[in-house]
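Right, one structure below, let's go through it.
Chain IDs A, B and C follow the sequence of writing; residue 1 opens each chain.
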């Protein structure tokens, strides 16, 4: 092995070549071709497949479904996840272990296991139904399976850790003295939260929202199991196009549209995080 | 006429963390406009006491009164007490001006008034050009000044400083000490200053509270703490000293006792009973080379340390005890290490303390 | 504490407790369902039985898909660890333009919808003439495991003090020796956590694997979804319980080795 002083800094860069080359061959090129093929028509470059796609009102409903569900899931995860992240940062001992384990353990379990479990839970005679009847909220058992509510619940359950962990990693970095300083200056707890804690946790919130929204936009297994074929998202439509309808042209088009949404979200959030970091 | 209560009055404050008693029934009274230092080593409870005054900790026992009002259970945001933290705790996402304005903004003060107040404070701490800079880009000394300006902005009744200069280098620290005193005098503030640096405490304070293991050993003016330390801990912690172990041999009624030490008999003031083990202490500048009418000892010079305006002479007696002599005018001849010299000091400069068993 | 502080503190803890229940619900439900005696899911179950577990070894296709999944996951994780670590070293120690772009490229598969990657790969591998399903799966899974390795190892390397290697060499180590004795131990938590997450990501992957499957080669998620469609009985719950148990064991081992909190360093 050559010791570092004998190597030029630029030569160390060569170590990146295998990984980059691999990704180019098996990831970048395929995506580029996907993009290219979607613009391919019989006589060269064309927007035809997209024109057809966007002309069909059904597809607009699909896009609306996708965005609506993704937004709801993200909202639920944010509202629930933020307090949990704060609790995690303040917890010690057994409480911290329990919290951490219940966040990380589900991450280690496949999405199919979880979606399948939610199938059981959301049924007419399932746990949720029985619980809500016991609480008096429902008069008769209802099923949440094959409803948007059930889908949002199930998806939020799967993606919640992806909201909690980024926020947690930012919250635990905040100096405890800052809140104390604000208090000695006369700030009430609410004012401290709005002007100190919230702004400082914003990068974590943005990261969490980005993760969850991207995951929710692209999710395929969860809607397949929890809401069925009558409700289509961009992802399930793409899957169906390839696996059932054998319509690769449609599948490629929807895949690219899906990709466009995902990339937009990531770029927007990266820009946002950068702006948050430099304003101060 | 009823006695006037101190502006800040702490009575019998105690705090325990688990089995450890960090503050043991501490009481202190600070007058309006006074600058008081809490001086002690780490773990003595000074920061805990400060946090109790600020409201960031609740004492297990005792009361805190400020300007006549019992604030013991009041949360920090309703106490009207400003704090300058050790690491400054500046809000990283705000600029210098926004940091200073924070307290006024939280009280919904009119925006023009805030702007004027902030401008005045920036001028006071000489940071006007940095008004819109992010606090993350400032040096330690500059951040320090922002922290002070921020605390002053809401015109608190009391200012607390938690070792604010400990992160600065010595020259900067001395500059900041002078600046801070000037600032505080200008706004006529009452201040409590926590530090482990005894030079700092003696330089800046009207009175110094020497703290040791959860209690205040002495609360007096700097000169009194230096020349008449109340405990052997205060003697050892503040300034340098020569210390000898001895036993009281004779206690005539004139207030003086005769102490038997390894270097001979020593006379000192104190009401001790015969047989009491004591510690004899002498400040280095109080010992002269030569003979005199007070106490005396013979010792061998081991080291001469020149420090500019003063010189330290280290001696060792035949018993092994060390003597430290400080002089601003060392003799020209006879100062070779190894020479045996006479040392003398007066009886009234001989400090006696009971030998402490560990508390 | 003021009333407002106490109220918000209680609210936070109530939400946290509710969240714990919420997060663990699917796991608890699955385990309970797997011990139910009837082939229809009722909660609480009418009776208890372990027959779904007893049937596992003879369930058609299960062993094959588990084997396939573990093999693919293991190999792709290994390859990713090698490629990813080399790349991370280049990014941290090298000096060339476009370092940030390369880092973004390497992490990007996490952000791109899996389905899109799967679709693109399906068509591209066809162009490449790659027909072997097993190999296609392997190549595909390296792409999705690589980001985990690069991100974690990169973060660990950025925090590593390279003067420690110099110190080791002045104390008599050779360069490879110094790397082995100083760098590898410092990086092993990163290897462990990223390897674990990469392995799990591969085992769990559906949207890409669905495009690379045939009668002989199926990964476990594909096989499980087939069971759900063909015969939804507690067998699936039994398989899931097995997976939960494995995940639990992996979690405990990781906690002993690197600590649970380090796993949370997302």
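We take it that a residue touches a chain if its C-beta (ideal position, glycine included) is under 8 Å from a C-beta of that chain, and two chains touch if they have at least 3 such contacts.
Everything quoted here is computed from the prediction, not taken from an experiment.
With centres computed as the average of Cα coordinates, no chain lies farther from chain A than B. Of the two chain pairs considered here, A-B and A-C, the higher C-beta contact count falls to A-C. Centre-to-centre separation between chain A and chain B, using Cα means, comes to 56 Å. Centroids built from CA atoms put chain C at 16 Å from chain A. For chain B, the set of residues touching two or more other chains reads 75. With touch defined as above, residues shared between interfaces to two or more other chains in chain A number as follows: 188-189.
Across the assembly, chain C contributes 2, 5 as residues in contact with two or more other chains. Put simply, chain A touches chain B in their complex at residues 175, 177-178, 180-189, 191, 195-196, 199-200, 279-280.
Listed in rising order, the residues of chain C touching chain A in the complex are 2, 4-5, 8, 11-13, 15-16, 18-20, 22-27, 29-30, 33, 41-43, 83-84, 86-87, 89-91, 93-96, 102, 105-106, 109, 111-117, 119-125, 127, 139-140, 142-143, 146, 150, 169, 175-176, 179, 196, 200, 203-204, 206-207, 210-211, 220-221, 224-225, 228, 236-237, 240, 243-244, 247-248, 250-251, 260-261, 263-266.
Considering their complex, residues 54-56, 75-83, 85, 87, 89-95, 102-103, 106-107, 134, 136, 150-151, 153-154 of chain B touch chain A.
On chain A, the positions that touch chain C within their shared complex are 1-4, 9-16, 18-20, 22-23, 26-31, 33-34, 37, 80-81, 83-84, 86-88, 90-91, 96-114, 116-118, 120-121, 123, 125-127, 130, 157, 160-161, 164-166, 168-169, 188-190, 193, 214, 217-218, 220-221, 225, 235, 238-239, 242-243, 248, 251-252, 255-256, 258-259, 262-263, 266.
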